[in-house]
Each structure stands twice: as C-alpha cells, then as structure tokens.
C-alpha cells in the first residue's frame, strides 16, 4: 500500500469535509461524501485508514445470535484485530432500522485504539455510545440487533458505504458534517491543498464579513489572491519557512 | 385481557429498547421496534398499555375543522377517555408532513394521567410540547393540522404503527432510542429476562473496558457466565434473596 | 406588487407556523408548509419577502467551479443584489446530498441585510453557519459543493421548494418547526387572524392544563368563546383600543 | 346508504377514469385516483360498490397459515360473503412485495358474482389470474403469501387504499388507466356529467385532428360549445329526447 | 444556436440509446439518460430539438381549469407554437401521479408536426394515445389532470427532466429503452461515432454468437478490430467511399 | 457442496414461485423472493445453481471502459467461466438506472450454456435481449453502461440481490412472477413438497370454480384432503407407484 506522508493524517484531521470534497472534485472525484452518515459526537474529528466489513441480508439458516460466538465471524474478527489508528467501515446496505454495533463492541474498538467507526446502518445504545466520545458515524439509532436483517460475510474487501466506494487503505475523514473517503493515492495531495484552501477561505470570510462584495472576492480574483499572499507573509511568516 | 405481574411495567421502564428487542427476538418476534419514531424528550422513559386510534386518508367530505367539535371523533374521544397509565398509539400511515397532535391535545393527555403518546406521524407545537416533558414519540415536527391529510376513523382496533402491529393492551416501552411494542402475553417474561440481560451486559461492558477480548466475553463463555454469577453473589447478594 | 400593511411582517414573525398553516387552510390553501426544511437556529424567527433562485441538474458542460466567477451566475447574482429584509429561496429539487450555500455566501447575505435563506437542499459549513445566528432553513448538512449536482439557471421566477409553490413577493415565515410560504395577497389577513388564533389558543391551553375537558373547550363552544372575550377584556384591555 | 340511480353503474362503467377525476375535481375532490394500482386486464372495465378488508402488519403470534382456516378471518370472510356486483377493496398499506390474493381466492370472487378486486398490494399467480379476465387492480405480481407481511384485521370499515379514502358503499370504477373511488353521494352527478364531458371531448378531439387550434377549441369557447350543441342535435337527436 | 450537420438527426434516430450514452460518457457526460421515462410506443424512434415547459407545484390561487383557457398559459402556448421536428420536453418534477398531457393536446402536437413529447410526469388517455403512434415518453398512466399538482410557469428555459439537464436546442433521442438528451454542441460527433460503434458491435455480437470468447472480442483487441475493418471492406465497401 | 437429487432442478422448474415461497415459509424462510426483479421473457422458466458477481459503487480511479479489457475483471471473468446449467446472479445494490449487462454479454452466457441471469440492476439492449429468449430477470431497461455507477469487485461470494441473500450453490428458480432463491440444503425437500402442493391446489381450484365455498376447501379440511387422495388414486394412479 502506498505509504502516506508522516503528517497527512494530522493535516486531514484539521480540514473540514466541505474542503476535502472540493479538493477531491478538483482531482476528478465526484462521489466521496457518505451522505446521510452522521456523527454521534459532532465535535470530534476523525482521520484514519479504512478496514472494512461487509454485511449481506440475513437468512434464517445464516444469522442468529449463535453465529456471534464464532471468533471468525467477520464483524467480531474485524473488531478484535483492528490496529491502532484504523477506522472500521461497515457496508450495511443503507438499512437504518437495524443496529450493526452497540456499546460493548464500540468499547472494544476504543480499547484497541481504533480511530473510529463508520457505517451506513444503525447504532444501538446510542446515548451511551455518545458518552464514550469515540468517533462513530452512522445513520441513526436503532434498537434491533443486526441479526434481524444482516449477516456479516466478508472482511477487508472493497465495499460500498452510503453509495461511496471504500477500498481498504483509503483514508476516512470525519467532522461535524459527516465522512469523506479519500482514495489513498491522493491523500497527501488533498491534505496539502486542503490546508491552503482553508487558510484562503478564512481570509475571504473575514473580508466578506467586513463588507467585501462577492465579485472579485469569492471566488478570489488575482488581486484578492495577491492580497492574501501579502497578508499571509505579514501574519503567518512561518507559512513561508 | 391477560393480567400483568404487578412490577412488570416498572421493570420494563428500566430496560433499554435494544435489550427488549433482543429478548423479543429470542421469543420469535422479529418486528417489534417502531423504526423512525423518535422521542421528543430523549431522557424520559415510558411504559404502558396501548390504546389505539386509526387515521385514514382525508377526503373533502370527511375531514375539516368542523369534525373536531364532535365529541365522538375518534382522535378526540380516545384522548378524552384515556385511563391513567395508558399509552395512546396512533396509526398515521407513516405520513410525516402533517401533525396528528399539538400542545393542547397533549396537555389533555397529561392531565388525564396518560403514560405517553406514540404515532408514526408529525407533531406540531414541537418545542412547546418538549417543554411539557411528557413522553411523546413521533416522526418529527410538522406544522399543518392532521385534517389536510387524515381523518380519524377508529378507536381501539389493531393497527400498524411504523409497520409494527399494535394490538390494544400490548405494552409500549420507550426510551431515548425509540419505542418497542411488546405483545401482552409475553410482557412478564420479557421484563424478567430483560433485567437479567442488562445486568449481565453491564458486567461484560466493564470487562471489555478493562481490556478483555471479545472471544469468550461477548457473547459470554461458560467461564464468563460463572464469573458473572460469582460477582453477582458478591456484589449484589440481594439478587439471590 | 400588492403593498403589505406596515405591521404585517412584524405580526407574522410572532405567529407560529402551525397557526399560519391553519389560517391558510381556512382560506383554502392546503399546501403551504415546506416539509423537511429545518431551521439551523431553531430559536430564531424569520419573516420576509421571497426572492428566488432556481437550480437545474448539473451537466459537465454547464457546471464547475469556473462558472462561479461570473457575476451574473444566478446563485451569486441573487445574493449580491438581495435587498434588506428579503428572504432568498432556492429551488434545489429536494436534493439533500449537495450544498447550495456555505459560510461565505451566507455571511454575504447577512451583511446585505437579508432576512433569511430557505432551500430544499443542503448546507455546508453547517456548524459555523449555526454560529452566525442568521435564519437559515435547509434539508441538513452536506459537504459537497452544489456544482456536483446542480447548475443555477434562473432568478426571481416562480419555483417549487419542498413541493410548495413560491412566487417572488410571497411572504416566507420561519420558526422552530419550519417554513410557511404565504401568498402575498392574503398576508395581511393571515397576520390579523393568526394573532387572534394564538391568543385564543393560549387561553384554551391554560384551561386544559387546569383540567377542562376537550368537548366545549377545544374547539371552543360559544360559551368558551364568550369566556375568552370576557377574559381578554379584563386582562388585555389594550386589545380593544 | 343513499340509493343510486338505476343506470349510474352502467354509465360509470363507460366513462374513463381521467374524465371521472375531472368531474370529481370540479365537485371539490382532489384525491380520488388510486395511483400505482394497475389493471391485470387493461381492456376490462369495472364499476361497483366497495366492500373493504383491512390488513395490519404481521406478527409471529397473529399471522401464519393456520389463521386461514378460520372462516371468520376477515380476508376469507369478506370473499365468502361478497354480494353480486360488489368490488372488494383491500388496504394493504402499499406493500408491493407480498400477495394479498391469488388464483383460488379470485376464482371464488368470480363465482360469487363480484364485480372486481382492488388492492394496494401484490397478486400471486398473476398470469393465471389474467387469464380469468376478472377485473383485478393491484400493484403488481408478488409470489409470497400475505402472511409474511400482513394479518387481516377488519371488514367493512373505511380504509385507505393507495392513499385514497374508500368508505364501504363508495363506487369503485376501473379502466385501463387504473381505479377511481367515487364518494357514493356524488356518484349520480358524476355519472351524468361524465357522459356529457366525454361526448364533448370526442367532438373536440375530432376538431383538433382536423387542424383546429387549441385556443377556442380546448377548453371550448362559447362558439365551440354552440357548434357542439348543433352537431349533437344533428348527429345524436336522441340525446335531446 | 449551433447548426447541426444535415444528416445528424437521421443518424441519431437510427442509433440506440445505449450506444448514445456510451458515446456521451466517452465525451465526459455521465448523466444524460432520463431514467424512468418510458415509451408509450416502444417500436417508434424519435430524434429532434428540445423546446421546454416548466411546471411548478400547484397552489389554489394559481391553478385550476380556468387558467387553461388563457392562450399564454405555457403548457398550451408551447404546444400551439411548436415547430415541425421539435420535441416538447416538460419538467414535471418526477410526479407520476398526475397527467401533464392527454389525447387532445397530443393530437395537436402531432398535427403541428412535432417529433415527440417527453416528460417526467404522467399521461392520461394512455391507451388512446398509444394508438396515435406518436412518440411519447412518460412515467406512466395517470388519470388526474395536471392542475391537481402543477401549474405551468415557464417556456423554453433550461429544465431538469428525470434529473437530467435539458437546454432548449439540445437533441432528444428516444427508442424502446427510453430517452437520451444530447448536448447540441456534441450532437454531430455523437451521431458519427455512434454509427461506427453500432456497426462494430453488430460484428462483435455475430462473433460471440459463433462462439468467440469475451477476451479479445469484447472489448475488441487490435486483431479483432483489424478483422472488423477487413470485413467492412469486404461486405460494406460503400463505407469507404 | 451438498449434491442435489437428480430430478430436483427439473421439478423446481415446473413449480411456480408462489408455491416455492410457501414451502420455504413452512421451513422457516421468510425472505426468499427477489422483489422487483422481473422476467424479460415471462413465459420462460429457469432453475439452476447460483454463481455470483458483486458490484460496488464506481469511483473515477476504479471504473471506466478500460477495465473491461482485463480478463480477470469479475463481471467478464464470471461470464467467461460459467458452467452449463448455472445461473449468474449479480449484486447491483438495487440501482435500476444503469445496465449491468447487454446483448453481447448475454449472448456469451447463452453460448456457454448458462441457465439464466438474475440481477437487481438494469439491462441494456432490452428488446434485443428479449428476442434471445434466454432467461433474464432484472429491474428493467437502462441505457447507460454499468461503469457510470458500478465497478465489479468480487466473484462467487455470498451477496444480497434485491435484499435476499444468495450464496453460491443456492438454487435460483424463475417464472413469470419473478425469482426465488432456495437455500441448497432444502432444495430437494422444497421440490418434493412443491409438486404435491401444486397438484392439491389444482384440485382445489377446480372445486372452487365449480362453486365450492372457501371454508373446508381452501385451506382444505380433512374431508377435502381425503377427496383429493381418492381423486389422485383414480386419475393419477402413477402418483402411487
């Protein structure tokens, strides 16, 4: 797997998902935001490498509480073997009415040092899980255990989550708005350009709040960009070291 | 109607809806959670016997503000005759864009001692109703009165609510996650087993937070169950009186 | 355009959207509430005249970041030319997964004195925008910029927003429940009658909380109405000046 | 129940559902067409008085093949007791993926002289049923029996079917386009006016095919209406007897 | 408006919509097929320049049968002024349950020499319209007239139809599968390349039917392409004139 | 893989999908019918062992026409290696607006002796494919190639198709109503019991057509069953050999 620059994850964690989708769009990626997947703790940020679990529809001969005792059951195996800093992403086919994890499994993820959990399904014990302050992104609360609708069938394969492709090793970034999946090969580029875009947009927002008109300011004209560069040189000389 | 054990409602009020759906699943009931029906006061708990009202689609000759003055109109009649401790459940066919109750009707329910209101429709005066702190579970806020979409046609018949069967006399239990409908005949059993499951899961969660691995812990092996029994004997001797 | 009575907007701002939809229903308007469009700041109220922008589906030859630099691009032009007190309403075809505005554009609306923003689409920079305390009503947060799904094609034409007709000059009123579009020709009438209805309903709610039964109280009988008039004369003599 | 004029059903059977919805709209009824309910035999026409059955969601203790042997089970009882010329209308909550009737039950309806079957659910044995040439209107084919999703709970109560109110005794009319529910009280009026509208529209269509412009022709001006009256007098003198 | 090559429309009429979407995809257009819009006469083909009508949601003060008598009402005006060979495209917001045209309006389109009608709404008098054999593409049959849900508000503006952008002057092509909107600027290119692709695919299909394996055949290797060129030279020497 | 009885596939091909879902329900399987997946040739029947392909959402770096030339691309590889009598089942996540196969790929399946193709996605070249008379079951026609929405990522893994679990080796049976997935382990049982049920139901249908009432006939009483056995002995003595 392509190695990442050492500070890429730290940078990505500071960039908002709107900025990330814009940078990805400029690189040609139109479908990277997991629509409908919402944070349980909107003020937490998350960035980490994806590992995946895939669920298929339940059938009476393939699902039930007894499968959960098998240590090789993909849902349990993936949690038990996650590495520190990784994000577990589950393909739940967009079914909001069943829960693919609850407080006990998420506590185990946290103990193992995982960076987060992302799924296009439900979460049970929702309020307790919110109190963990561990980054979880899901469709919402749902009481029934996953076995009423799903059976876990695969680990670490490319999946769809909220109709976005997630390949193991891709970088998942989450903030208060939701989750973006960044193809691993462009993660360094997106991190670098995203930081620049955010700085520029803070500058633009300040100008707008001071009464600047949209034309020439947003998007910035050459004059505005020059003004920004001068400001950066003045206010943030370290940015030029 | 089958009588309930005297402490069943009190027990059920302390059990979370995830635990209840699990116990119901183990008794063979797969579809008992009213998906999409959310609490207006997530920190209130509710347990009580269901009485029902059924709405059908409005038609210009059968709906309008004038019907509301008729004391036998099922929506008004059911509220005016609810008994203390009962939960009013309304079949609104999943229509989120009209409100089947607002602050005045819900104030009347509260004055009469009802235990709660559950509907797969909208609520108007949403924020005021939240301030009552009365347990209400609905699809969300909606300003238009029910007469734009509905006419109440029946009282105390079996209904669907959020695609779950609710029979008058069933037990409705609500928490921060939503609402479960417990068939009356199994309510005592579910209450007893649910309390046990919750105690066991608190024990398991504590172990997981202390670093226990999933295999053997969740689901619990015989060794873990024996450990749990010993702990209970030690920490909660009253559980054995 | 029909002029409004001088205090109509002030009155409308104090009337709840449930009351407004009821008054509109009584005038024959059944479809005036923008279902699913929710406030970013539920405790802000909004009332103002609508100006509109219409988005059509994006196509690779008609959308992209480059169009945004054109001062005549309808989304930018409408914001740059909004008059104080107006509400910008955007027809986003109900697409929740892309954002039709973010913090910079909304800051510009605020600086220009707009009364609010209403759209059946997403908002990016959701949490920052909430901190502006400017009245915004949308389907929810979405990170991707509008160019992935939309191209702005028109300004100040009749549009649909959340399947409700909005004609430029109509009055948009928002509260914690959502947004109502009031046809301009009936705005004065709705304002007058809405204030009366709210006063009556406060009186009824107080009676219900004190134990009055629904029949005769809600809807009010002639006796209750007479009691209300007496109360008003006593408690609020100014209402009769 | 209001008696119908003796030829109302015969007239209604000859009027198209577009014409019927137009006449109902002119009488103030906006929601009378059962959208999505399609004929199994598009060239058959149907008109008859509604009797109804209501289904609620299945639950493991209230549904299963054993209930079907009970002669009082509403689905079976309604079929066994339908009177000649009546139309059985089933409220299946819009669930297309289960079948609420199949060849055997529909054969029994036919033997008993029923005028048709209408449901917002599925039909099994679809192709065999089409060969009966009995008027059936449904959402489409579905193999699973109704017990996987439904339990029949009521007979001859007001129901919703495809989000249209159907009151026992209303008149159901079906053609190749679908089904309209005509409130019983206006059935005679709709029959009379519908026949007139259809005759006028045949006249207008002939003029348009001969090159008449829309303005003045459709909707017809006074001149066109006079021309129509003259034509009718000439071509169909019996219409004036 | 860019002029088209003289034979572009004739060529496009012979190319299938799958081939057209493939050619458009290769030119960078991903969203050009109007999903869900189906032919009333699957064996008719259609190609022509788009003129558009836009519908907004109905409101009691802006819709009703009386507006239809106004010759400037956009739905009527567009039909009355369509030029021979043009295709009328209507933006009905994907509402399948109301009809935006019926037999009389479509007869007028045919008399005026229009090339077709495309809408993301319903058609009434469906079976009669099928007998006209005029190319109509719609969501399906619906009895109620458009005034129950829509009001026509614009003519010849860019619209969305089935979530595809249609700009007046674009080329609409329809076959048994549905309708593609071809941006006018690329219509000549698509016509030329589409004919070539179809000829190549007929050659490939014949090989596959004779037992050729997929690898090397589909997509074609250089050897297969050379074989195709030789075959074309032999069988269709005119293609090289 | 469990071997099947030699005549199981032949029997299953003669049993209707309604009968199969009933037998599966009686064995405890509630979710086996692929709702919405319709036959291109309703009069063809299909029975065969499932092989599977899984599609995930497309991303600009993982999908495009170039991947199709790779013989290991799962969609192409699965077709090229299917064994006679097998049914290819594709997990297309229920996306109806893109086509996961067209005439050339389906011609190859037919040449290789496959028994059918089942997918919860679209088919292009729909009418041509219908003329092959090869059993294909899909959501409907769609012109765009799969690369606009999908990338094939796996072969012969358990998948969901139309929200039904399909495990490689399961038996897919299709008729005019749609497709049932029979878990391999119960295929022999279902085949045996299904034939018996169909014979009994033909007997019951004949009785009903002759005027027998539902009670005692359907479901059959002991007397009716005895009558059936006597009839079978008389009319079909071979059934007792």
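Just so it is clear, A, B, C, D, E and F label the chains in written order, and each chain counts residues from 1 on its own.
The criterion applied here is as follows: a contact is a pair of C-beta atoms (placed from the backbone, for glycine too) under 8 Å apart; a residue touches a chain by one contact, two chains touch by 3 or more.
Every value quoted in this text rests on a predicted model; they were computed, and no experiment measured them.
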{"item": "If a chain touches subunit C and subunit D alike, it appears here", "value": "B, E"}
{"item": "Angle (degrees, nearest 5) of the CA superposition of subunit D onto subunit E", "value": "120"}
{"item": "Whole-Å separation of chain centres (CA-atom averages), subunit D against subunit F", "value": "33"}
{"item": "Separation of mean Cα positions, subunit E and subunit A [Å, integer]", "value": "40"}
{"item": "Centre distance in Å when subunit A and subunit D are each reduced to the mean of their C-alpha atoms", "value": "51"}
{"item": "Centre-of-Cα separation between subunit E and subunit C, whole angstrom", "value": "38"}
{"item": "Where subunit C touches two or more other chains at once, by residue number", "value": "30-32"}
{"item": "Which pairs of chains touch, using the document's own definition", "value": "A-B, A-C, A-F, B-C, B-D, C-E, D-E, D-F, E-F"}
{"item": "Parts of subunit A lying in touch with subunit B, wherever the complex brings them together", "value": "65, 68-69, 71, 76, 79-80, 96-97, 99, 102-105, 107-108, 111, 124-127, 141-145, 147-148"}
{"item": "Footprint of subunit E on subunit D - complex, ascending", "value": "16-18, 20-22, 25-26, 30-33, 35-36, 42, 176-178, 180, 201, 204-205, 208-209, 211, 213-215, 218-219"}
{"item": "Contacting residues of subunit B [partner subunit D, same complex]", "value": "28-32, 56-62, 93, 151, 153-154, 157-160, 163-165, 167, 183, 185"}
